Amino acid sequence: MSGVTYIDAIREAQETLLREDPRVFLYGQDISNFGGAFKATKGLAEAFPNRVFDSPISEDAMIGLAVGAAIEGMRPIIEMQFADFSSIAFNQIVNQAATHFYRTGMPIPITVRLPSGGTPGSGPFHSQSMEGIYAQYPGLVVVTPATVSDAYHMLVDSVKLDDPVIYCEHKFLYRWLKAKSINGDGLPIGQARIARPGKHATVVTYSAMVHEAVRAADRLQADGWEIEVVDLRSVKPLDLDTVLASVARTGRLLALGEAFPWGGVTAEIVAKVTEEGFHLLDAPPQRLNARDTPVPYHPKLWAAHRPTPESICDALRKLLSF
Amino acid sequence: MSGVTYIDAIREAQETLLREDPRVFLYGQDISNFGGAFKATKGLAEAFPNRVFDSPISEDAMIGLAVGAAIEGMRPIIEMQFADFSSIAFNQIVNQAATHFYRTGMPIPITVRLPSGGTPGSGPFHSQSMEGIYAQYPGLVVVTPATVSDAYHMLVDSVKLDDPVIYCEHKFLYRWLKAKSINGDGLPIGQARIARPGKHATVVTYSAMVHEAVRAADRLQADGWEIEVVDLRSVKPLDLDTVLASVARTGRLLALGEAFPWGGVTAEIVAKVTEEGFHLLDAPPQRLNARDTPVPYHPKLWAAHRPTPESICDALRKLLSF
Amino acid sequence: MLITEEKAQTAVVSPEGDFLRATFRAMLRARILENKLSSLYKAGKIVGGVYLGRGQEAVSATLGASLIQGKDCYAPLIRDQAGRTAFGEPLIDCTRTYLGSVEGPMRGRDGNIHRGRPEMGMPAMISHLGAQVPLIAGMLFAKRLKGTLDGCVGATSVGDGATSTGAFHEGLNMAAVEKLPMVVVVANNQFAYSTPNHRQFACADLVERAAGYGIGGFSVDGTDLIACASVIGYAVRKARAGGGPQMVVAHLLRLGGHGEHDDGSYVPESAKHGHYGRDCIEVAMRQLVEGGFATVEEIMAWQEETSDEVQRAVAQAQQEPAPDPYREDWSALSTRFPLNAQ
Amino acid sequence: MLITEEKAQTAVVSPEGDFLRATFRAMLRARILENKLSSLYKAGKIVGGVYLGRGQEAVSATLGASLIQGKDCYAPLIRDQAGRTAFGEPLIDCTRTYLGSVEGPMRGRDGNIHRGRPEMGMPAMISHLGAQVPLIAGMLFAKRLKGTLDGCVGATSVGDGATSTGAFHEGLNMAAVEKLPMVVVVANNQFAYSTPNHRQFACADLVERAAGYGIGGFSVDGTDLIACASVIGYAVRKARAGGGPQMVVAHLLRLGGHGEHDDGSYVPESAKHGHYGRDCIEVAMRQLVEGGFATVEEIMAWQEETSDEVQRAVAQAQQEPAPDPYREDWSALSTRFPLNAQ
């Protein structure tokens, strides 16, 4: 075979889970015979009869159903057709699923798959990155895999976790990101990873932006800069130890994300690092996010809306020259 | 008369608006003859026939209707019975109202009133503070009045603004907070206020926590500490100039909020200040928020869940002793 | 009494005496308990809201009593003290939750009606109306996948106001698509908080919604225990037998305010003095006595017994400790991640 | 053809020739334009999705043509190119939006079907299905408050899948409560993306939902222009005359995939060859000719004319500039706050 893409890994993780755990089932729009809008469930309905279901267009009820099934001991995986449509399921996610363990002592092991992030031409309603929204709510785990192996292992681990997990999978990586194979095993959820070692500055990021950051770092290498890239892997929990250790080495921090610029993951990173690692910083920590407008449709606007290797290089040069 | 409460001010602002602007109408559950769950619209249905409407229990449609009415030139004020129930209207708020101006060039002047924040015995679903959620979305203005006069003027100003405003009114202040009268005029939205001057440390906060911060500051006065309290008034836009000027005076920052601790307003404050005012800081900036669980019902748990004058004093002492 | 497909005669199986006695006792328990809650609230002993089911006991208890604990599932809503009791919730769960005892099922973390025991098939409601409808659908859906659905029923109740929520619609439609044995009782008490029916929906009777979902639909006088027992009993049996979702609209009036903080003065006198203004407990009492299902003496003895029971449940909850914030496990996740990973 | 209150004969007023001609021309315009969009997509000239209304033109155009631009309001959805055209949207709005011209109504900020001109009474849809239903209700509600509602109608269309959304339910119910002159056309094309009706709802015909909302309900063959013109025309007139919300369920089949990326291979051959698999344009053409409303020559001339028009609209949009990120006003708010207050 010619390798495994990020979306293959998501499909295979679901196949593994369906095979190994009878409590797992899949519920989502067009995921059964059609295999899903992105084909993340292709062939699974045939391979696992009565385990993969097409949902009515009822995002709120999809999560309500999943929570009810979890109460009865099941481990549903819910596919949102696009992360953006989870805004309809917002109440069930943040108020029903997320509060259940604290209120009743019974955890709710559901996994909500959110096809996230921008791709050219997708526009304001098929491009959103909602990890920073969900992470604000107590009771949710929010994961953001950046690699093919993480896409696989973190989905398997998400379903194994007893708590509700928002699994943010990046649409841009679906077919673009390819690996020879899936690594034997992954890091646990809650542990970050050094995606690229360096010593002059640290970029803390996650999901598709890991690759943009590595690209930017490669470019700056030519100027003699060694940039370290930390892949958070999960944004809640957020592995502060790994981040602080990196900042301790480099003294400089750029928090990078593709979501809207107000609050969210990058603000949390900067706040955490300055609270607990202020003395490690040789320069003001910086953030780089998307712009504060809806994600535009036109590829030219889109490319200028989100961080790119160019804008990341610019931000890093500013940081390095401080 | 024996003064004006915070909720009186909200009622009066709506009365003023209804009187002065024929484009204004009110739509919400039980707000007509009943005067609203908190009596914020008491008497207005009688005074302004056919301008104040009881809504079906349809939060999503309430905002949808408001946006449609705004397209037709009206200026609706929508009362959510509790901020927490706006989770049902999430899609219409963040995707319909918030994106409209950027997409079409036509602004949507709706004001969504969110009775926010905790009170003893209200529990997980009648206590939430959602300003940090809404502020993440481009296209929304999010205001958080802390005083009786601000409750009045900022509601009037919110409705006058051409953009959608999330008006977060704190339930705890409704009857507890009283002023002799409403000040002649207020600061514009987007401008913060020094609620209490000081020189040793800055607390940046908003809404009900302004009062807790002032209380904590008063206590620390006894030990010779002069604590400055900045009332943000609006969290988006967030007046960084006033915050930086204060931090420049004190060298120390505590960002204080009543919302959940991950991300949100306090993270944004710390990130902004460290990005742009790093050199002003003599100590690592700190955050104090509610705990990372749903808001508990029992008054004893509730009091320990949110920041209190005690915990604020503790955080400030830690900050001052750095 | 009945609308849609079936004719009244096939539906109305006379409820058995045992069922009526048990159901009535649950009604009585709920009423006496709630009267006590009301006093406690007025005496300032309860923090937060108190929401009572007065006037709705016949509907609520009938539903709870028609279900089998340990097999069926049931998501009670705000006015379902009687249904909870009939389903098997111990009274002490109620008093502990209202009084904030750490021993209660919610351990002081949630209060009043926001309680449940999901492990016994009775989830704890969230406030957001309509949200329990898809939840019950999910519990039933899981039972099907586990192969344990046969002969089970899942039930929930909502008010007239809750029928306007998207959650109600999505959940009911999904249950219909999945052909789940779900019974939804709509207690149309004519008001949602202060909002009258005519500001909530525009059809003559909410039961007209059933056809649009492709499910069974029934309309019943919610103040009449025997009617409730017949119709709700029939709907539950039909769902249990594989007839898919059923909707029962019960007509009645809330005998009180929305909560104990509210005097309900917006309810017109005409409604209070109309047919649905009558007290279902009185009606039921008459029905039991006249039908020879119970004697007045028996009922008085039950009353006495229940009052004692309620006193004990209150006393016990009152002497139990409140939650201690220092011992509280402040964790919204069951998974323990390393300390610095938050 | 018609269900509920009215009998067919009162409803079916034979549509006038002028109306049919105008409606048909909008259908034709949409079809020719969409064929071109499809080619452009296949040639890689359009970025993002292309969603066509092939097979749904009769329903869509009838609704658009029944409305009065400048007075009524209309929220088209994903398959409403014909309705937009009939309502008065210039073709160039479409090509500019699909091709990302900065001159288009969305200026490259949004694309394809996500366009509109709210100031002309035609809001720009958001993707979230059902969301435009309460929006149209709000536009009508505002007109009432402004005193300009008299004789107005607001209309929107949704698919079978969109009827499962909470937004659809809440919005329609609210419109019913407010007695607004709203017409909702449900284009039941038997699939929502790949999902067939039986996984979407459990009633026999979605028109059965109307009674539950207390609104008018009509069912019509969506492949039959004259039937559509009669029934939708009637529903619009009824709403306009103060009859409150009306729901028309049109039965048809999507003649193609969900979008141009999709071959729709999940649609069974039997459906494609069944009654609703027929092409409404062909049916309409026959109806026009047989009814003496137009001649074949006329229609061919229209076709020619429209092809030219479409060519021009494409050519113009293609030669217009794309948005320039450096000149773009990156602001989601119309209010300009001081720079440092963000």
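Lettered A, B, C and D in written order, each chain numbered from 1.
Keep this in mind: a residue touches a chain if its C-beta (ideal position, glycine included) is under 8 Å from a C-beta of that chain, and two chains touch if they have at least 3 such contacts.
Quick caveat: nothing in here was measured; it's all calculated off a predicted structure.
Of all chains, the one whose CA centroid is most distant from that of chain B is D.
Should one ask which of A-D and B-D has more C-beta pairs in contact, the pair is B-D. With each centre defined as the average position of its C-alpha atoms, the distance from chain C to chain D rounds to 43 Å. Centroid to centroid, with C-alpha atoms defining each point, chain A and chain B lie 30 Å apart. Measuring from the averaged C-alpha position of chain A to that of chain D gives a distance of 36 Å. Chain B and chain D have Cα centroids lying 40 Å from one another.
In chain D, 106, 109-110, 114, 126-128, 164-167, 170, 173-174, 177, 199-201, 331-332, 342 are the positions where the chain touches two or more neighbouring chains simultaneously.
Touching two or more other chains at once are residues 55-56, 58, 60, 84, 87-88, 91, 95, 98-99, 102-103, 124-125, 138-139, 236, 262, 291-294 of chain A.
Of all residues in chain C, only 46-49, 100, 106, 108-112, 114, 126-129, 161-162, 164-167, 192-195, 199-201, 266, 322-326, 328, 330-332, 342 touch chain B in the complex they form. The residues of chain D lying in touch with chain B in their complex are 105-107, 109-110, 114, 116-119, 123-124, 126-128, 131-143, 145-146, 166-167, 170-171, 173-174, 177, 331-335, 337-338, 340-342.
Interface residues of chain B facing chain A in the complex, by the touch rule stated above, are 84, 87-88, 90-91, 94-95, 98-99, 102-103, 124-125, 132-133, 135-139, 236, 255, 259-260, 262-268, 270-271, 274-276, 278-279, 281, 283-287, 291-294.
Residue ranges on chain D touching chain C, taken from their complex, read 164-170, 173-174, 176-177, 179, 198-204, 206, 208-215, 244.
Looking at the complex, you find that chain B touches chain D at residues 25, 50-51, 55-56, 58-74, 76, 91-92, 95-96, 98-107, 138-139, 141, 161-163, 189-191, 234, 236-241.
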